[in-house]
Amino acid sequence: MKKLLALLLCVVMMLPAIALAADDGRIHITYSFWGNQTEAESVQAALDTFNAMQDKIFVEPMQIPNEEYTQTLVNYAIAKQLPDCGMVNENAVLYFARNGVMADVSDMYAGEALQPMDCITFKDAGVPVGYSSSNEILVLYYNKDMFDAAGVPYPSADKPYTWDEFVDVAKKLTFDENGKHPGEEGFNPEKIVQYGAFVNNWTWQMEVWALSNGGAWFSEDGKEVLINSPEAIESIQKVADLALVEHVAPLNVIPEDNGVGIGIGSGTVAMTTDGTWRLGTDFPNLDINYGIAPLPVMKEQVTLCTSGLTGVFNGKNQEAAYEFVKWYTREESNWEPLVLTGIWLPKSEYYYTTEEGINAWLGNEKYPYNHDMETGKKVLVDYTMNYAKPACWYFTPNTQITTNEILFTALQYVWSGERTAADVIAEIYPELCEAIIVE
Amino acid sequence: MTAKPMKKMIKYNRAESRTAYLCLLPSIIGLVCITYLPMLASFTLSLFSWNGLGAMKFIGADNYIRLFTKDTKFYASLLSTLQYAGMAVIGSMIYSLIIAMLLNRKVPARGFFRALFYLPYVLPAMAVYLGWKWLFDFNHGFFNYAIKSLGGSSVKFLDASGMVTPSLTLIAVWLSGNLIVIFLAGLQNVPRIYHEAAEIDGANAFQRFCHVTLPCMTPIIFYNLLMSLVSNLQVITPALSLTKGGPGTGSYYMCYMLYNQAFKSHKYGYGSAIAVILFILIAIFTGILFATSKGWIFYEGDDKG
Amino acid sequence: MTTSALPKKHMRISSKRKKERLVSILCTAALVLLGLMVMFPIYWIFRSSLMSNGELYAYPPSFLPPEWRFSNYAETLKVFDYMQFLGNTMTILVPSVIGAVITATMGGYAFARLRFRGKKFLFTLCVGSMLLPSMVTLIPLFLVWAKLNLVNTYWPLILPHFCGGGAFNIFLIRQFVKTVPRELDEAATIDGCGHFKILVFIILPAIKSAMIVVGLLKFIELWNDLLQQVTYITRRDRYTLALGLNIFKGSFNDDWSSIMCATCLSFIPGIVFYLIGQRYFVEGIVMTGMKN
């Protein structure tokens, strides 16, 4: 009986495997991506548009969970069954490019009116190997109601906080269950009800503070590790001390990719630094009266820009995939679901340097920060054009090892207060130097 | 077909052998094709440097040399693995044996209680660890809230490298529903006659436990011990879904290190070297367990050979 | 037993009854207490599923949800294609569990009762295969399945379980077969039963509860086995429950309350399976004929 049942089930199970795609004379290619339900639907919508537009290529989606994305793609690459194109995690772009997985797309936008910005161009030893599909920068989000309640003026879009001002304001916004602020007589750090600030300590975002403090993590040619400079070390310690010494931030020892969730989104933190995609992904679902401002400044005004990439993978359908990716990565192809919702900032200079370009997104009433265009222009447009530096994976090989493995683990000792930043960095410095050497 | 089981027969009975091989055929295929051949391939890889996409480079024992002489995380990983396994095995064995014995008595709503203690184990791992995260969390977790309300000062359950392993073993003990079920099945297999005979002989409950239940349970205890030892030395899920190996190397268990090096950092050769070390480590512990087992296991239906 | 001893014995029995009742009450109390402790984290998970993302991070944590958002479940079910994912999961699980139970029982029986050349060696191999996590063999196996063009079908996730069902399970069955008194099959041998008949008619009924346990362990193992499923299944219409939970993890943000809802929903089949299994569990001893 049981065996029969098993056999029956096996047969049923085989059916989907047999139902293969009919030969319709088109080149069938696969596009791999990760994402939640909404994202999957918008991908499918874009694919449908493309498939309906022409009759030579048919694109099929291939969905892989986010956390296992890169490793699964690598498995498929080892088995020589890589999809024809797909999203690539920032920290894997140079790894893929160096190992001959990605096709050369350096002249994809040659002669086009819209040129992707330089700061979101992935470069291997100076040579462009790919362009991000969008732009994202880091900004400061603040809860207007909490500022009003504390009688503190909102952060200015023209004149960013210095770090000391930032800490002072954070102290005014932090209070324990008796309403006492840090530094006051009788303040109890064990029973804080509201925190003033949370600086997202998700590893890659920490690089911005080294730049802000006049240092860097890596040299611009990607060949040297500079994280052991006093400026870089001090910047890490300053962020850690927000929770450990100043008591203005919640402790976050094992960082996860949910800065807004821990910070401002929890309703118990007044200010949070995080990326601009949160405008579209988090804030529409949060019932918070928020504003945006530039990041506080340690010594230099700076922000970090980054975004994932859509790659064409080498293979027999490379040309069809190239054509699809070229279409897919234009802002217009994802205008409604990704740009106007606030998830993507445009990647082409046109949208930042011309009045009509800016008006097309920031001026559109669907855009989440449309209600305050002046601030939007200063924080999003000016910062992207004048103060944005590329995150380290745009020019440093092996970031999946240096930042995701070595720094991620080691810095946790700093966040927990067990060791100082200087001590930890000194220990891992040789390991980092070894990891960025290119074979 | 009248094969008589003879204890001193050296020659194997042909019919018996044939049945045995037939019964074992699927297992043998499985062992060869889906365990040992791929494992061998993986182990060979430990002599290479390979990033998955590029070319493989033979480097001899370099991966091992690096592991033992240069990688500071390796010893930390070894230590935290042993610490976790030790605490989790002892804790969950004692806990589950006690629960199983309580559940084997005539208590009201026995079925309900059985389901209850087993419940943690059926829950999807991801949900379990997320739920515990909100209990253990330093800032808004329930445990610290309770401690602070009672006047204590907050504990960094998951936020200090020294505390994380004890905290995670607490979850492991809570999760040991599988051991409870196996103990329970074993307790039910202890023949009633033995208990009744002992009772007639005037043995009290404790004596009966020591002289009847325990000896009859030894094969099951051995199995549970082995299983929890092996699976706890291979611990990875809590590190993967809750602590990401941290803080620092506090929960950087060997299996997590292996996964991280091979699949996340794309150092497949290096990951394979860790796999070999892990294999040897677990083999040593298993070997010790088997070697001592002869002295304390009582098999009722043993073939003594 | 002489008549004169009777009254005295009666007294002894009644005092013994009292003592037994006391022990029984103590045991129940202990169970209730431990049960509450075990239930608490489960309650906490359930509570979390009824809260908004903001409420989850609030301080102080609220013991009861500030607002019972059962609508979370409705929202979740809108995007979480529960029935399809469940169907896919079962398509993998049911044959795998059956295959594992059957082949593990055969293997365990051979190791426990039969004598044959190479038994020690095979058994060592079997134990040896438990010593490594399955991720070590993931890539070599994936290469083979890819060569056979079976990626994105369920075969790579099912067929391996027909090969012994894992060393742990073979070993578990072996341990249980060993607790079955040998006299039983010796008696059957005298009646003219072969080894196969002994397995089916003597051993199987006696170790029924162990087989249920194997089924349960396999069930849970497959339920949580994300790594294999991630590797082999990349088509959304073939997603399993474990994979399906990932649809709440976006490229940028995670919707925790939906994840908690979906996980709470995915508990249900595991619990149902346990409840069904538990009945056989108790029956198991009755059928062995060893109850009295």
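Miscellaneous remarks
Order of writing sets the labels: A, B and C. Residues in every chain begin at 1.
We take it that a contact is a pair of C-beta atoms (placed from the backbone, for glycine too) under 8 Å apart; a residue touches a chain by one contact, two chains touch by 3 or more.
Given the structure is predicted, the values throughout are model-derived calculations rather than measurements.
For the pairs A-B and B-C, the larger set of C-beta contacts lies at B-C. Seen from the Cα centre of chain B, the chain whose own Cα centre is farthest off is A. Per-chain Cα centroids separate chain A from chain C by 40 Å. The geometric centre of chain A is 38 Å away from that of chain B, both derived from CA atoms.
Taking the mean of the C-alpha atoms as each chain's centre, chain B and chain C sit 15 Å apart.
Residues of chain C found to touch two or more other chains are 56-59, 139, 256. Within chain B, residues 139-140, 263 each touch two or more of the remaining chains. Counting only residues that touch two or more partner chains, chain A has 78, 266, 268. On chain C, the positions that touch chain B within their shared complex are 23-24, 27-28, 30-31, 34-35, 38-39, 41-42, 44-45, 48, 56-61, 103-104, 106-107, 109-117, 119, 122, 125-133, 135-137, 139-141, 160, 162-164, 167-168, 170-172, 175-182, 184, 186, 189, 192, 194-196, 199, 206, 209-210, 212-213, 216-217, 220, 223-224, 241-242, 245, 256, 259-260, 263-264, 266-267, 270-271, 273-275, 278, 281-282, 284-285, 288, 290-292.
Within the complex formed with chain A, the residues of chain B that make contact are 51-54, 72-73, 138-140, 148, 153-154, 156, 158-161, 243-249, 252, 260-261, 263-267.
Across the complex, chain A meets chain C through its residues 2-3, 5-6, 9-10, 12-14, 16-17, 32, 34-40, 61-68, 72, 75-76, 78-81, 87, 192-193, 257-258, 260-262, 265-268, 275, 277-278, 281-282, 285-287, 308, 343. Note for the complex: chain B touches chain C at residues 1-5, 12-13, 15-17, 19-24, 26-31, 33-39, 41-42, 99, 102-103, 105-108, 111, 113-128, 130-132, 134-135, 139-142, 145, 174, 178, 181-182, 184-186, 188-189, 191-193, 205, 216, 219-220, 222-223, 226-227, 230, 234, 236-237, 255, 258-259, 262-263, 268, 272, 275, 278-279, 282-283, 286, 290, 299-303, 305.
Remark: chain C residues 53-54, 56-59, 79, 91, 94-95, 98-99, 102, 138-139, 142-143, 146-147, 150-155, 158, 226-227, 230-231, 234-239, 243, 246-256 touch chain A in the complex.
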